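Here chain A shows up in two complexes: once beside chain B, once beside chain C.
Moving on, here comes the complex of A and B:
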């Protein structure tokens, strides 16, 4: 019988707050993080809204302290990972086997973009230091160094399901007795590369996104980082405050349908949710709340909705997409939404799905639009579906 | 445990010709890459409308895999998870990246953009055949059979896969070449030992 994996700490930064407390208060106020672009230097400024973390790189460095390489990706990661580790306050951490499993999809791309401005104008110019940490894995190494984690580190990059997969993988390392503690989740910073790429795919909404609405027109990109601290049974018993919850189920499935689109039937999402339920030994009716992937694109919401219908009909739990607050933070979204799922259990919260007006015509259910607190939340399902058909569902359960 | 593996079948598409297991099956001299790839598709009576949407690298890899597997592959001997793909080339997806760059000045094309990664060709082959095993795409200066053999042997020796399609698929402008090998643990009549030397001589025949 393999052991349980507990969540002992959480940390998050996104457009709606720089820490957990600020997020809880933004949810209660119903305040979205999207706005005109102010920090990213792009031709799309004033045309496309994004959900930026409202701190410049310099302000982030003031919080984190200088690192060896100041990619915005590493800075955001460090803020949230450190918050999670401090929150967990694990006694005798130095004596435990601790890992850092961090996901991202852009790496140090922001700095590479700075390099290419000068380099393309004159190929004897451009600071090579700016491309040295281009690679996704560099972000993890920089942050692990700052956190003092040396036992184990790895990077997962599977597009928008990246950090859900990082949490999934970290849980397996603990279950298999390879680690006692894992800081797991992910990060992504906004870059020209991602904004232009998603713009090319014609799936960016020029207004604030409307997840799961019949008249949704696409997603808003966001940035941020979210981490949970996972611990073994043994470590959970030593904690000075009770663990938040357990990570009870997880599954990754692929629909092998298209480079960037989900299959219309949502085959991958259906299999991921079903597999996670089986793993946690729960029935659909046991789920108290689903934090949807809910990007606001035609394709995702219709495929995910179809999959939810197939699995949950006719008894739907409350569902909502917190991307209506944070935008789609890509490789960070699974980590950020895992933190929201944990907080949902801890504080009995169901988050509102902002800007929802009209139910999708093919679906018999609609998202929750009100902020609800004091709910009895036992099991939360968190969905993260990535390009390439890479679909992951996690289930967090009250202890 | 390391045991012998065998090349059950090979297919090469290059220089306006298609050859399988050393026999030329089709030639269309003088045709440019677009016309040539279409003529291969039509000659073999393939019926897969998605072919028309693919970039040239995916078309090349897809056609080579179709012909490699046609008639010779007993797919029902394997579970989808037991079949993998390991490909290499030297120009990544540059052929399509440049075409995408051309579209940016007007309206960036989503349908061209989605092929701006080299490993999409593996996805196209896997979706077509419902292969679900491990896969990897490596970019290298030239065809490196020792490297490919090392990768594939690892996957087969550790029972991560039972069979693997591997080789080279490269396109840039009018230059193109693909050579794929079907590697299995069992020996059929025409099988050659799976070795860097045998791969090299097959690759260099055309």
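Moving on, here comes the complex of A and C:
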């Protein structure tokens, strides 16, 4: 039970790149992924910026090869999960117990929306193939089939903390000696359902989002997928290149305050960060960088900021929200930001928090605005908080 | 052959302290144990709704969808039955999540062309809403997770709960499954061929010899603990699930072998037969080869088919073991009289996923 879990591979796709290399270069250039909506057919085009992956479904299929169901969710997931598994290059993978733990929040909703238009007009209409794989679990199954993973698979959906919980669960499957290798993370594609949903909550910024700024006005939605390949001690020793880092701590706590809003004290976020530190046996001063949840909404940043203050004051590590690059990718964000956390350790990076101008008046700290490389990064905390009070923090540690 | 089963490495026992189930039968609250079986005509079985006012603030009842009300009430009843106020963790499973709110919001997006939409349906549409509402109602800050993997959603949650016990992270884990059937999902799933084309009588479900089953819905919750107590309902000896096995019978035998058991040690096998001839052929094949002389039972004629119907089966098994009675309505082999000590639940989902749960009297 006490064995460590190592990160052996990473894969990511988002509005700022289709793979790890493109992400690293977008961070260095300070280039955000938000723009006018080009792919989603919605009345919000030209009004609300989003962070779309700059590939059509057809272009994604050209990369992935055809799958049994071409929901954008499954396509994005497959691109990143395959990159992660190839990156890990685990010797004799076929002989190891391998699992796929993936997360998403709306499954094949992009196709269900198409189905529903015709279905609403006439219940005997609508192409059934567009709704057949509506379920979140179908996305996981389609990708697992493509990756050739059969030993274990499951799907988690806890809103915006979904894929952090997937990584958490996968690590425990390894620690409980049920798997040797797990591809873990999550995905979400932009849909009219989520865009309109967040719009009704009036938390979408009409400009590019400004996480942790006093004058922040909301979030920008994004899409993408991020996966890490977790391996046991035993497998880590057989790797042909060194593991990136360890997953040393994790905690899942519930805010139990409101279905969508965070408590003013940031109870859930505080408990998640504190619990993850305890799990990894670290002190707040050991953390080299916090990849914030940092959506850019008034409520989230204020609650998360308060929780960080409660835990870290007066010695704050560098913090930033990479959602200022990728937008909020919902169920994918925990996976995507886990990949960024791992890369932070590997390359000594601290990512800039774009468009930050004014410190939040109640907070004694502010996010890092410069791209910093060559830093000595030992421990990175990654925060993912969601609807339903679901708060999860992960800690990645250099080996 | 790889058997995915945590119970091989467990250092403690897993008990089912209490349970609660809302279904199309009279399974909720203090009533006879399936003594008053409800007969339905048609292909859709609706859950029998309890008086939600016992469990939920009336002001909130109006805002809550069917699945939230069922889930929260079953969770609360399970805690009351287990005499536990605050669970150590909350883990739920659901394949479709909050369909009522999802359909409502999707319909409005289309009908109102994305304008002037109210937020409530969206807010309550996320798959983790039931687990979140339970936490909110109990003010429970503990571990909270939701699994959404098709017919293995509850099984995934149960595995999480078992791991939490094994890690000594928490005790009194509240684990359950919820699924609601709304008109839209019933229409779409009927078009997809899941249900029979003609109305049937649920109590004769296995006599039609046709394709398709009957739809159902419900919520089932369980409280897991590693602490022995005479009040516990049953012991969970093992559970596992696997994907597209090429050696199904071998895996089932190996699963039993891990508990140092053979098929002959099992007193009762409860299968997930649902009246669809293609589906049931798998059970018949397995039972003919492995459980030839074992008493067999079925339950989906009572509760209908839904992705977390295995919660109904586990509720059934724990109550059989606790009360020492096998309800007549479930027996495939009527001559059975003994009191079962070990029950195997075998369920498959579209012949892709197969799950096993082994429960024993304490």
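The criterion applied here is as follows: the second predicted complex is superposed on the first by the 397 of 399 C-alpha atoms of A that agree within 3 Å, B and C clash if a C-alpha of one lies under 4 Å from a C-alpha of the other, contacts with A are read in each partner's own complex, and residues count from 1 in each chain.
FYI, a residue touches a chain if its C-beta (ideal position, glycine included) is under 8 Å from a C-beta of that chain, and two chains touch if they have at least 3 such contacts.
Not measured: the values here are computed from a predicted model.
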Chain C versus chain B on the shared chain A, clash or fit after superposition: clash
Which of chain B and chain C A:300 touches, first, second, both or neither: neither
Partner chain in contact with A:77 - chain B first, chain C second, else both or neither: neither
Chain B versus chain C as contact partner of A:43, first or second or both or neither: second
Touching partner for A:138 - first (chain B), second (chain C), both, neither: second
Partner chain in contact with A:146 - chain B first, chain C second, else both or neither: neither
Partner chain in contact with A:172 - chain B first, chain C second, else both or neither: second
Broader residue contact with chain A after superposition on the shared chain, chain B or chain C: C
First (chain B), second (chain C), both or neither touched by A:117: second
Among 130-138, 184-192 or 256-264 on chain C, the segment whose C-alpha atoms clash with chain B after superposition: 130-138
Footprint overlap on chain A, comparing chain B with chain C: 196-197, 199-201, 254, 256-260, 388
Chain B residues within the chain A interface of the complex: 108-110, 113-115, 117, 120, 123, 126-127, 130, 132
In the complex with chain B, residue positions of chain A that touch it: 196-197, 199-202, 254, 256-260, 388
Chain C residues touching chain A - in the complex, by the definition given at the top: 2, 4-6, 9, 90, 95-97, 102, 105-107, 109-111, 113-115, 117-119, 122-129, 131-133, 135-136, 138-150, 152-153, 156, 160, 163, 166-167, 184, 187-188, 191-192, 243-244, 352
Of chain A, residues touching chain C in the complex: 1, 42-44, 97, 105, 107, 112-113, 116-117, 119-120, 123-124, 128, 131-132, 134-138, 140-141, 144, 150-159, 165, 169, 172-173, 175-178, 192-193, 196-197, 199-201, 252-260, 267-268, 271, 386-390
